[in-house]
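Please find the structures below.
Shared chain: chain A. Partners: chain B in the first complex, chain C in the second.
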Partner chain A sequence: MDEQIRSVLAEHGRFPVDVATLDDRADLYQAGMTSHASVSVMLALEDAFDIEFPERMLRKSTFESVAAIREALTELCATAVE
Partner chain B sequence: MTTPVEAADKLVATATRIAEQVAGPVADDVDRKARFPVEAIDALRAERALSALVPVELGGDGLTVGQLSKAVSALARQCASTAMVFAMHHMQSASLVRHGHSEFLRDVARQLAERQLLLASATTELGVGGDLRTSHCAVERSGGRFRLEKQAPVISYGAYADMVLTTARRSPESPPNDQVLVVCAPPGLELEETGVWDTLGFRGTVSPGFVLRAEGDERCVIDDQFSDVLEHTMLPSSHVLWSSVWLGLAAAAVERARRFVRTEARKNPGTTPPSAIRLAELVAAFGQMEALVADASRRYDECWDDGEALSSMGFAIAMNSLKVSASTMVVDIVGRAMVICGMAGYREDSPYSLGRILRDAHGAAVMVNNDRILANNAQMLLVHKDG
Partner chain C sequence: MFSQQVAESALEATAGALCPTNLRVGADLVEVEQVASSMARFGDRYVRRVYTDHEVSCCRGEPSVVAAGLAGRFAAKEAAIKVLRPSDARPDWRSIEVRRHPTGWCELRLTGEAKRLSDEAGIRSMAVSLSHEAGLAGAVVVAMCDRPET
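Right after this comes the complex of A and B.
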């Protein structure tokens, strides 16, 4: 999952730095992800994992780090299977 | 002990009095000369209205932005420039008191209340195309001090402000969107005027360009990152308070139209003047705008302390929609009033004159361009779900 998240971030996050150098908990917004790019990341994640982020998850904190994204996706994928 | 509701009601009464007795009589002079409405701002200071949003324990009234809305509209009915200065000051004071958590910054808020300091903002920068979430300039820190220099294309009432809240990159190494908000104040604040303010409307806000140079204690840098300040406070409060200004302009136009129709009716009792139908339509349109602004004020107040709700996309979309709708409605309403008042509204020398109101109203769609705001909403709607 992490690998896929990082590849989405690398492709759509438009970071001024290499995504591979970012720590799991590093603040992606502080690393340079704009809100414009974050929407692209959300769309690409929805497509890659075949999920939809519900309204309650559509906030900055859900996408602020690789770890936060992983937590959200884990929750959504678990619900999808049930 | 006054309750916030009592304090809010008192503020509306105070703003109404100042609008009618102080701001209104000089509004045309302020507009014609594009000069700062010093009389009205001084009167608001004297009534301690500049600390309305400062918490009670720091010497203010502890009001919310929604509670301020009616006072802003009351001022705008007489002088939109006065109302806009008052509104913009409060967007900044809200940012300071809601995001400056350190004892140092709480003390700045205390000073604001005690000395009734007027706050301005320098959020846009030359070369960023009006995007508030991008800065070129950066905060440089050394030995507990900060320093920054910013080319600001606009600082509203910059020359009359006691402090300027300025955005900049967190450090010279930070990317353009890793921003902080810095409280810049004398003696470490220098503003070099680089242009003139000669506009169609809101002429009394005196908003030319400046080169801003500031240095001071590094604790002047507001703790929360600017993206949170913008999301939770600056953006919703600007949209609610700007809309309140425009509502006041619309109310002034409606008031002239109503007066005009009544006068017409009196000339010919028994016959309803043709313009009365248009007035009925106008009052309905005004009701929509009033409801829109009241609802947005209430919505902001309801989640005022709820960081999660303030960060939601639904809230951001609602506040953006408010700005776009209210700024379009005000132009429509003033235009309708013009049709009702006819030549009397078109003339500059009549008691029904709508010229200044119309010019001010057209500022609404261009101060943070509606197309930029719609583009933001369009993007969020790609992922946002209903409910």
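Right after this comes the complex of A and C.
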């Protein structure tokens, strides 16, 4: 999962730094991800994991780090399987 | 040494002069190319997730023209969010709508969570201005609250 998340971030996050160098808990907004880029990241994650982020997850904190994204996806994927 | 003392005195004087205001301001810039890229990659799904029917209807024409119009509207939504100051959960982008009048000027219409945040902050009026230049779209939102920030 982490590899896919980082791949999406690298393609759509428009970071000025190499995503591979970012720690799991690094703040992605401070690392250079713009609000608009976070929309593309959200849509690309939905494509990659075949899920849809519900409105309650459209929080800045949902996309603020690799770890936070992993946590949200884990919850959504578990729900999708049920 | 002397200049440092002067600078410190100036800072103290400024700090003492700070006072609550009932005005809020937000500004944002968006690269038009980023919007064009999202339109090309995610198509209607991107557009429908972020913009209202009215906003889409106001942005017609060549893809580059559409992207510029939508970029301005995205900047306005982000500027409005800076004014609304949500603690974490951000309002649905579509709950902040840029309404364009036939004469060309724009205003904001808030619904849902955005309206709730506005009411909570005591915002009684809000104005928006959009601008485009050299591949960038920008927006400024100013709001007046019925009480100063505490």
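Here is the rule we use: the second predicted complex is superposed on the first by the 82 of 82 C-alpha atoms of A that agree within 3 Å, B and C clash if a C-alpha of one lies under 4 Å from a C-alpha of the other, contacts with A are read in each partner's own complex, and residues count from 1 in each chain.
One rule holds for everything that comes next: a contact is a pair of C-beta atoms (placed from the backbone, for glycine too) under 8 Å apart; a residue touches a chain by one contact, two chains touch by 3 or more.
Treat the numbers as computed from the prediction; the structure is a model and nothing was measured.
Trainee: With the two complexes superposed on chain A, say which partner A:Arg14 touches: chain B (first), chain C (second), both, or neither.
Mentor: In the superposed model, A:Arg14 contacts chain C only, not chain B.
Trainee: So, does A:Ile5 touch the first partner chain B, the second partner chain C, both, or neither?
Mentor: Touch status of A:Ile5: no partner.
Trainee: Looking at A:Val39, would you say it contacts chain B, chain C, both, or neither? Reply first, second, both or neither.
Mentor: both
Trainee: Counting only touches as set out at the top, which of chain B and chain C does A:Pro54 meet: first, second, both, neither?
Mentor: first
Trainee: In this superposition, which partner touches a larger number of chain A residues, chain B or chain C?
Mentor: B
Trainee: Using the touch definition from the top, say if A:Gln30 reaches chain B (first), chain C (second), both or neither.
Mentor: first
Trainee: Which of the two partners, first being chain B and second being chain C, lies in contact with A:Leu22: first, second, both, or neither?
Mentor: neither
Trainee: Residues on chain A in contact with chain B in one complex and with chain C in the other?
Mentor: The answer is residues 34-36, 39, 43, 55-56, 58-61 of chain A.
Trainee: Which part of chain B faces chain A closely enough to touch in the complex?
Mentor: Those in contact with chain A are residues 133, 170, 174-178, 225, 227-228, 231, 308, 311-314, 379-380, 382-387.
Trainee: Where on chain A is chain B touching in the complex?
Mentor: 16, 29-36, 39, 42-43, 46, 52-56, 58-61
Trainee: For chain C, which residues are in contact with chain A within the complex?
Mentor: 28, 30-31, 34-35, 37-38, 41-42, 45-46, 49-50, 74, 78, 88-90, 92-93
Trainee: Quick one: which bits of chain A touch chain C in the complex? Just the residue numbers, please.
Mentor: My answer: residues 14, 34-37, 39-40, 43-44, 55-56, 58-61.
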